[in-house]
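Paired with chain B in one complex and with chain C in the other, chain A is shared by the two complexes that follow.
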Partner chain A sequence: MQPDLKLVSLLSTGRHPKSGRACRANQDSRALELAMKTSSQVTAVHAGNPDNNVLRQYAGMGLKKIAVLDLPETADPTQSLKHYLDEQSPDIVLTGVRAEDGESSGMLPYLLSEKLGWAMVPRIAEIQSIENGKAKVLQALPRGQRRLIEVDLPFIASVDNSAAEPRQSAFGPASRATIETISTEIFTDEALAGWQLSAARKRPKRLKIAKAKTAADRFKAATAKSQSKGGTLIKDKPASEQAKAIFDLLVTESVIKQP
Partner chain B sequence: MTTVAHRRDPRTEWIIRNRLHPQHEALFASQNGPVRGPTGLIRKNPHNVGFIGPNGLKRIDRLEGNSSNVISINRQVRQVIEPEKPLHKVEQPDFHILVVPDLAGGRLTEQDKDVLGQAHTLANVEGSKGAVVAVIFGEHRETGLDQAGVDRLIHLEGSDYEDYCPELKLAALATIEQQLSPKHWLFPDSIHGGADLGSRLAATLGERPAVQAWQVNNQQATCRAASDSIDINRETPKILLLAEECADAVDETRHEVLPVTVDELIGTQTTLTDHGFMAVDPNSIPLAEAEFILAAGNGVSNWDLFHEAAEQLGATEGASRVAVDNGHMPRFRQVGATGTWVTASVYLAVGISGAIQHMQGIGQCQTVIAINTDANCDMVKRANLSVIGDSEEVLKELLLLIKEYREALSHAA
Partner chain C sequence: MALEWLHPVLIAAVLVLAAIGAVRRVNLWRQGQKEPVDIVGGLLAMPGRYMKDLHDVVERDKYMSKTHVATGGGFVLSMVLIVLVHGLGVDSKLLGWALLASLAMMFTGAVFVYLRRRNPPSRLSKGPWMRLPKSLLSFAGAFFILTLPLAGVLPEGTGGWLLTLVLTVLVIYGLSEMLLGMTWGGPMKHAFAGALHLAFHRRPERFGGGRSTGLKPIDLGQPVLGVQKPSDFKWNQLLGFDACVQCGRCEAVCPAFAAGQPLNPKKLIQDMVVGFAGGTDSHYAGSPYPGIDIGSASGGPHQPITEGLVTPDTLWSCTTCRACVEECPMMIEHVDAIVDMRRFMTLEKGSTPGKGAEVLENLIATDNPNGFAPASRSNWAADQNLNLMSEVKEAEVLFWVSDGAFDMRSQRIIRAFVKLLKAANVDVAILGNEEQDSGDLARRLGDDATFQQLARNNIATLSQYRFKKIVTTDPHAYHCLKNEYGDFGGNYEVFHHTTYLNELVQQDRLKFDQFQGGKVTYHDPCYLGRYNGEYEAPRELLRSLGIEIAEMERSGFRSRCCGGGGGAPVTDIPGEQRIADMRMEDVIATDAELVAVGCQQCTAMLEGVVEPRPEVKDISEILIDVLIEEVH
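Our next item is the complex of A and B:
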């Protein structure tokens, strides 16, 4: 816990995976959890409607106050958020990787980092340490791997699903929290007007196209078991030689990690 | 024109019809062409089709050489000869379409191939012809770039690109953008770095990308949004981050893979420093995601040795159903149709003969290594490397090799 660090956590409206109702977003609440674990000076910011009930769910995690930049749905929040962050000058800004509602392009942290000139670290799972103006963060990679990245403060990071679970939202603190509305200049998202939104169409399943020209080939393709073509077989050799062959393959496939 | 009158020889005809006649073979062979019966109808000899196979049995080739796979009869050297695909050439491209594949693990992923396929659909415009240019950073192990549809290749070599360096890569892409001014930039929208790099480039160029695009043509792009609940139809932008299975991969052509040189890259300041991978307990990784699995089956007797081998190799443990049913391994370690479907890049099966349910579970594994006593089992047929012998001895030797390797590394360091 670093009490002197200023963190800003950006909150968005989530979408319940089953019912589709508005709720706190998975990655954003994980980001808020990470922020609250790292420092006691956390500012939670939402760009949108200040009367949004979902904000209370975030507040129930133990926030005294949520700042809301009052913007209509058709507005582009990037510029407003940039001005806000310029004023606040936090050390770390945390967001989710991709919003659960709206365009959900995942571009916001990148645009902010470009506008503010800060570093951007995608998909972090943990902030390990912060010393001398440098932070060490763990980045979540596919296949459960973690990478240690050192980055200068201030920076923006998006928080991955593999970060720690968010704490429960409690009703009492949720209703006690104040929602501070900040009115800002509205920049309308002009590209949005040219888009057509529709309910998601079912994507066609990819079919296996039989390229075989004859019935016998099609039959073979349908019934054949998967077999490797060039498998090598080592038989009647001493165990040391066989183990060496396996070991060499493991090294060329680079799965043996160095200590 | 004179017509040659043929005099019928009823005796010869009779001999040809009578396959029991001693002169039948010789006379039949001398007469090419159809044999006509006494009424003038063409007679087929049903006994004269096919040929005698290598094991003395008569074989009939009903495909008449039409089979696309010409398989040699000798089963030991089973080799499939594929006809060469036609070469797709783009001599003077009117425009360029750039693709930045992930190359996760040094090879093109399925999504990379689909993105290359999508690039070709965008390159085929009526009246002009575009070239698909792939940008590859660092070393790779892919050999099928020509089959995947790469017309031009920008290969940026150097050890700098081995680590996590999005800023360096971004600077390189910005240079390429200036040099080629491509019509489109295509990235796979994946967790392997494609989405990250694409978003960075879009932010730098001030373009609004189409994200999670799954149906794209030259006019319109359809993108998934709001947790896959809505589709956004929009004009196809310059930068596209493409979802999985966005288009069909290139299948019927070969491509040139001509190298393209890039201007000197200007050194950029990096704010991120990569300190490498952190040690993760392999057994804490979910089995479905694990990259390297050491799986045990009925053939394993020394379980302590197996667990030690998994720990030393840094492999996630898996098991066949028999090993789980016998109580040697917990249920959540079971691999196969009734357990977990794994996606490991290396699957080392110890003493697993390979029931069909198990083989289904490892269908997506790239490299399979088998240690088994039975050379005829299904696992050995599937494996890229099979070792026939006692698993205990082989594992012991493997442990020795790892210890030597680790010691050599620590001495060098």
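Our next item is the complex of A and C:
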């Protein structure tokens, strides 16, 4: 517990995988749990509709107050959040990896980190310690692996599914928490305005061919997440070499064409 | 006799002190929350409630009921006469003889109390209760000798100052126990608090043969939900706790106690008394909560109960089987108290143990405890050609399927029942995917908010359709629909499937062959039996197949829980044995090859016992095996 540390936890509306009903989002709840475990000064923020009942489910975890930046669905929340975070100047901002509803692009923490000029640590499972303006965080990697990362405050982190389970949401505190509406300048999401939305088509599923011969192999196949292979560390190389390496990668991934 | 002035003064002084104690005690109860009661009506009804309802329960132990009538009746009568004869000095031989008779009766009773206390069973509390027979004997004996001269048996002034001294000591000892103990907190407290508890009981419907088992709803707008501190109980609940005689009949029947889980209903009630009176449990002289030593608990009227007085595990061990309530001669409501405290744990602290939190979240998000897609609720009925209420709008019978719809084992029960309904040509329909969990589990886990939500949703759905009766195979849903939806405006005629099937059999709408099999026993589900008083219909159905039921030692209103109620399988508090295993031992003791059940939870719990063991079947499954289907 670091009582003097200011944390902001960003909350979104989740969507239950079986019933499709709005509920607290899994990763966001875990992020809030992590924030509440790390510090007693947690500000929970939602950008969207202040009348959203799902916010009460987060409040039931023991929040006295939830701040809501009152925004319509067509707004770009990153701008408003940036202004809000500038005012608050927190030490750590926690989000989920991606929203369960809406665009669900997973871009929000990255866009915020770009706007604020802070570091962004994706998929953390735990904050281990915070000392002298530096935090040690555990990043979740596929198949239960963890990587210890040191990062300067302030930073943004997205919280992985493997972070500690969120505490139970209790009805009493949930119904008594105040929802503080903050009116804010609305920035229209230009990109979104230009899009045409249509219902998703169910894509045909590729048949699985069982290649695994042993139970251990099948278990591996069932639990594996995509795992990056190879890679070279270019952190300490001169900038031109780093640029070249990125350029080459983009070409091999056919993101850009060789001029 | 010397010192003639002494005894009237003594009696008057003790009465005054007892009155002061009574006021003090009443003020302790008044720390509780307001609850309106009919004061005059209650007091007038009290003697009847004592003679009939309370005595009926005591009567289950013939030895004790006779002993209590002699001792208690003798004492009340003697006390009135003592005040007249020795206190006010009314000089009447007749009264003297009457007093001698009542004291003799009390003395005889006290002798039997003494005999019982020579080698008391473990369920009885010891400590101050062990001195009670001696106090009773001194009281009755001393006043008997004092009264002899007044009745003219002995000449006035018999005995010297030595006898007077001895008698005076005994009178002081007896009077203190009987009158001061009554209001200042001795064993006789049960008479004072018990009488008032009968008068101001929170469930007056229970008296005169009635039944009141539905939990009381809470106002969700209150500043604190559920019971955190002893003073959060209603005042008459506190009064009820004080009425406990520590006879331990609850302890003897509690499945959690027998399984070695940290619950003992008697100790819990005594801890509640410690809570509102303040202090520690070090004076408690009965069996502890299994695994928790006596002496470490302390509390006060405004101290949180789970911080020092009772561990949360104690509260979560209860299966809400109501065996303790059924057995309690003082008609104390243990289950109400436990659920009240659970409500605080769940609704305010968010600390439902085990899988409780997950189950409640599922109930909120998917209307069923296991988080299945609500749209798949009626998948089991895909091949059943059943009418949906949303299509037919009207049916004679609405079949409430309950969450067994998602469970493959329970589906066998449900399908069997549907087959029987079809064989009897019943006009039946189901709600299909519109049905939601009845809210039973949420409510027993203390989440009254979710229960109320589910109840309101279901009532809104039911109000769209016309039907004569609801029939269900799940006693838990049966109980909610029948006894707990009324508070939210849902009043229905609800039947358990065994009751309804029995009706069909009586009407000759179903015909069966004789049952060809071995010995059969029947397990009474708590929520069908104790909660709703249905013991006969399932037995009649079995008998109609030619089955002679090999009854278990604990059956009917004394049936032992399977361990599946009250969310106990979800919270899963560790003990030394499993309750279901103990129940299966009861079954095995009858040599039965098959145990008939009327509840899918009981089926699941009993089938969870490792084999070899008797087969477990719902009554509807037994019935379809011998159903004579008419060919059209």
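Methods note: the second predicted complex is superposed on the first by the 204 of 259 C-alpha atoms of A that agree within 3 Å, B and C clash if a C-alpha of one lies under 4 Å from a C-alpha of the other, contacts with A are read in each partner's own complex, and residues count from 1 in each chain.
Convention: a contact is a pair of C-beta atoms (placed from the backbone, for glycine too) under 8 Å apart; a residue touches a chain by one contact, two chains touch by 3 or more.
Being a predicted model, the structure only gives us computed values, none of them experimental.
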### Task
Name the contact category of A:G133: first (chain B only), second (chain C only), both, or neither.
neither
Practice prompt. Check whether A:Q145 is in contact with chain B, with chain C, with both or with neither, and answer first, second, both or neither.
Written response: first
In the overlay, answer first, second, both or neither for which of chain B and chain C A:G172 touches. second
Can A:M61 be said to touch chain B (first), chain C (second), both, or neither?
second
Item checked: First, second, both or neither for A:Y110, with chain B first and chain C second -> first
Just chain B (first), just chain C (second), both, or neither: which does A:F247 touch?
-> first
**Message:** According to the stated criteria, A:R21 is in contact with first (chain B), second (chain C), both, or neither; which is it?
**Reply:** second
Max touched-residue count on chain A (chain B vs chain C) belongs to chain B
Chain B and chain C footprints on chain A meet at residues none
In the complex, chain A touches chain B at residues 15, 17, 20, 99-107, 110-111, 113-114, 119-123, 136, 138-139, 141-152, 155, 191, 194-201, 203, 206, 211-214, 216-217, 220, 225-237, 239-240, 242-247, 249-251, 253, 255-259
In the complex, chain B touches chain A at residues 62-63, 66-69, 80, 104, 164, 191-192, 195-196, 199-200, 202-204, 208-209, 211-212, 214, 222, 224-235, 245, 248, 251, 271-280, 284-286, 289-292, 313-315, 345-346, 348, 356, 359, 363, 367-369, 371, 375, 378, 380-390, 393-398, 400-402, 405-406, 409-410
Chain C partner, complex, touching residues on chain A are 16, 18-19, 21, 23, 60-62, 167-173, 175
Chain A partner, complex, touching residues on chain C are 220, 224-225, 346-352, 356-357, 360-361, 364-367, 371-375, 447, 449-450
